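Read through the structures below before going on.
Note that chain A is present in both complexes that follow, paired respectively with chain B and with chain C.
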Partner chain A sequence: MGEEEKAEEKPKEKFTLHFPTENNLSIMGIVVGALVAILPWLPAIVKGVGAIVVILWGADCVRKTARYGLGTGVPSIGVLAMGYGLVGGITGIVIGSVPVLYGVGIVEPAVLIGVAAVGAVGYISGILANSEKFIGMKIPGLERGMAELGMAGALAVIIESSMIAGTWNASVVIPNIIENGVIATIFILSGFGMLQPFNSCLGADERRGRTLLVSVEIGGLCCIIFGVVASLMPAPSGILQGIQLIILGVIVWILFYSSYVRACLREAHAVVGTGLIKTMR
Partner chain B sequence: MEPIVMVFAWTIVVIVLAFIACLFEDLESDEGSQSNPNSQVQLAPEMGYIHRYYNKAISGEGLSYALACTIAGTVAWMMLSQGITPVIAIPFGAGIGSLVHMIRATIPHLGREAAHKRFEQPIYMDVFYGHLVPIATHNFMAVVCITAIAYIQSPMGPLAAITGLQVAANNPFPLPLLCFIWGITVGAIGSSTGDIHYGTERLFQDRPFGEGRRVIYHGQICRYGDCGIRTSKDIVAFCAKYGGPATGLTFGLIVLFENWRTLIGMMAGGLTGGSWSPELASGVGIAIGLVIGVILIISNLYLVRWARKKFGPFVGE
Partner chain C sequence: MDPIILVLILVSAVIGGMMASLGVHLLPVGGAPAAMATATGVATGCVMLMTGSALTGLFTASAVASFWEFEHANIGLVALSGGVGAMLMIGWTMLVANLLYVFGAGIVPVSGRVAVDPITKESQTEYKTPRTDGHGMPNVSYISGIAGGFVGGFGGALIYVTLENYAHFSPATAGIVAIGIFIANAILAAYNIGGTIEGFHDPKFKERIAVGLFAAFTVSLLCGILVVVATLVFPYLGLGGAL
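Our next item is the complex of A and B:
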């Protein structure tokens, strides 16, 4: 759990933000996400950190998939990620809840079957989109990006369901998350965490560090809203788990929102109170 | 009161709410140049056209409204499940949704204008602060209407209380999911209908009318208003006269035709008593829908022909 806590501490150091490189962030996302997913007894605050890391990973995947000229397609890529995520996440939750596979008690790795399956589906769809025999889009790194997007989406669904309901067991998740419609909130909030950063920051002078700050900020917002929902849920969730999440969310949101705004104002061409526009002719 | 009369009455309420929601949705998107016209506002500094518009790119209208409405629906659902009255729960939820929408609206203006550094586009702080409250208030009007529609249709709403019909009058989906679906729909209709009035009329007011926008004009937007330099707030007053109401009418008519044909079909299938026949109900509903579709297509063709004759000929014809 050391790496992501280090990533949270960074903004205090006078805006010298160093997010891990793309490969390291992928490894970090998959390791932290898988660990938090297979240990459903963890406290909600740790799951919240895991969800933030997974959303950050997804946003970085969207950025590296979409920066080759997908301007208005950025939101579609994020929604695609969460579409894969819902399929993979619910598959994993249902397979993981089969009594034979669930019987281990402390470590429950069967949920990762859904994540792996949707990763494979994403990779195949990337090949279909890129191959000249089929669509022939020829976007560099699309296969890997699609696989990672699917896995990040699935992990986000699993971790956030487990954050709200206290566990990802299907007997709890289906009545408490899916039947009452909270799944829509999970879908759109995690989707926004992945798709909004690059969509809102794109331009000629876009910078990766600044873009990813937005993702962590939305992760904090997710924790606040899911914390409020979790505090109304029956056991094993409840008010104690909810308050942990709300505190984590408020701290992360204030820290990263303020550092994003300051980074933008510092890196813009000029910040003026008001003024006329430059005339051309 | 007869149960079927109550169903028709609530349908009328839903249609009126849909009209108001989509009207304000379109005006809110014009407030910060969201969705289609945003590409021109984004392109303008790259063409050397430094501007004072608000650059609000919250991932397209459909998704940004899905976010605001889903959060509103989730908060309202939580309050309703604690026994709080809908008159308080729905506006409170919509307020939280609008607050989140306003926070999301701050991100793209700062991020995208900072990403225009090499084109010397400054961040005007009066433009930034001045647009946030209008964005939140217009958004609140749309979101409160959408949440109310979802509440009316949800299993905890008034339609569920109507008994005596052959089938349940309410929608089986829970409140947050209905808010999500309605949010995407209202955003999609607002994006496809209303933005034309802003994008091709207002942003290119200094170009010839009605000929479409050639690629050579892209990014060369109209930056001056009737008096002084134009900001996105001037757009709303312009679009409130035609674009917004037209968008609201579109959405209202979609909801009207859809629900009317379904209800008439179900009445033909024996909804109010006697023998209930789902096959007859869906068959009559589909037939009425096809007739409405054909009438709309013919009248649209006639309207386009009339407009081209009256205002044309256009470049390229």
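Our next item is the complex of A and C:
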């Protein structure tokens, strides 16, 4: 456990100063998300890191599409991502659990079929939304943004299901995640991780680095909540997996929330206390 | 699985998705300007209104579906009950919003886009505050919103009940997949509207509805294909029971 915590703390310095560029973050999201998704035997703490990266990617996609103004508010595109994510994630989980494709041993890549399919659906809906002949939103890069958001949503559903249940095999996920309604928590918490950062930070002085700090912080909160849920689940999940997630979540949340508050205080013109809450300086 | 059933699932996903899109176009959505009572409609986005009402519709539909044994529900009745649930929810939302506008902000519900209410023939222009785009929900917007809630709720419940009855999804899975398809369509419709709309009398409705329905058709067809693939694959998992 100690080593993994240290591994978690390392990227902190780098992350708070500069996040990867938009393209690099997309590649990182796809690679890390796909790797974590196709290796369902990983410990929950690694899946938690994967989920945080996927949520970060989704939040960056929301930022790069919503900054041109959607006309209906930022939350709509984050909820859209999770709407596609539900359809694609459940399809992927079911396809990936087919005995011929599943159980080859260590790597189960068939789950990515659902992710790729929902990426295609997202791209087509992006064409529909952006094209002059159809809805005509005229947002640069909306096609790519919607495809990436669909994929991020599906990966978030798959990784978080496997985080909580221990594996994403349909025989475990359907009774333990879908039937009892945990999927609704996954839906709205991942949705918040993607839509909330830009929704709360948007404005004239919005800065990408500061916005993305909120996303990682919400990822940490998700890990805490999913850790509590996971510790109540039967095997292959359980209390051990849950505690790993809670520890990861608490560390990530404290680090990134405090650095977000510090960034806000540093970049604000002036911070004036109202007297109701004790201010930091 | 019987090919007719697969086609039925696909058709119901497409019809349900298109009805969701039509429902969103009928709602009186005010967005941010309505929060300051300077535009007609409820002061929130399409997505919030439609998701709230359609989820209520899904709850009533699943409650009604539980009166039958699993997989033997009457499709028409369940879908209708979904429509009624959504109608009630959107009706209460608009009523309370109107109460707040009238007694809280002290304004008269009035349409900004038409001079005469097309249903009650009441004159609108005199009551409109200059430089605003109407306020609150006038009669025509209220009726349009109720119709929108019914259509949207009916569509969502139709997807739900078909998935439960014919695709052999369990109620929970059917509900969550129906929400996924519904939300994708509702949000594309919201982008099509682009902020605010008053209802079927709004000139924007006639202008944009064809494009909105086409987008909904394409997206629900693609989502329907994904669901059909999942339905086809499921029996090979050897789990028994329902997805």
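Basically, the second predicted complex is superposed on the first by the 255 of 281 C-alpha atoms of A that agree within 3 Å, B and C clash if a C-alpha of one lies under 4 Å from a C-alpha of the other, contacts with A are read in each partner's own complex, and residues count from 1 in each chain.
Simple rule for what comes next: a contact is a pair of C-beta atoms (placed from the backbone, for glycine too) under 8 Å apart; a residue touches a chain by one contact, two chains touch by 3 or more.
Because the structure is a prediction, the values reported are computed rather than measured.
Colleague: Mind working out whether A:276 is in touch with chain B, chain C, both or neither, as first, second, both or neither?
Modeller: After superposition on chain A, A:276 lies in contact with chain B alone.
Colleague: Between chain B (first) and chain C (second), which does A:174 come into contact with in this model arrangement: first, second, both, or neither?
Modeller: After superposition on chain A, A:174 lies in contact with chain C alone.
Colleague: Now for A:73: first (chain B), second (chain C), both, or neither, which partner does it touch?
Modeller: second
Colleague: With both complexes superposed on chain A, which partner does A:117 reach: first (chain B), second (chain C), both or neither?
Modeller: Only chain C is touched by A:117; chain B is not.
Colleague: Once the structures are superposed on A, label A:97 by its partner contacts, choosing first (chain B), second (chain C), both or neither.
Modeller: A:97 contacts chain C only, not chain B.
Colleague: If you lay the two complexes on top of each other, which residues of chain A touch chain B in one and chain C in the other?
Modeller: Dual-contact residues (chain A): 71-72, 75, 79, 179-181, 183-184, 187.
Colleague: For chain B, which residues count as touching chain A in their complex?
Modeller: 39, 42, 46, 48-52, 57-60, 63, 66-67, 70-71, 73-75, 77-78, 81-82, 100, 103-104, 106-108, 110-126, 173-180, 223, 229
Colleague: So in the complex, the part of chain A that touches chain C is made up of which residues?
Modeller: Of all residues in chain A, those touching chain C are 70-73, 75-77, 79-80, 82-88, 90-91, 94-95, 97-100, 114, 117-118, 120-121, 124-125, 128-129, 134-135, 137, 170-171, 174, 178-181, 183-184, 187.
Colleague: What residues of chain A sit close enough to touch chain B in their complex?
Modeller: Residue list for chain A touching chain B: 71-72, 74-75, 78-79, 179-185, 187-189, 191-192, 195-196, 199-207, 210-211, 214, 217, 221, 225, 228-229, 232, 257, 260-261, 263-265, 267-278, 280.
Colleague: Can you tell me which positions in chain C touch chain A when the two form their complex?
Modeller: Touch residues, chain C against chain A: 31-32, 45-48, 51, 170, 172-173, 176-177, 179-184, 187-188, 190-195, 211-212, 214-215, 218-219, 222-223, 226-227, 229-230, 233-234, 236-239, 243.
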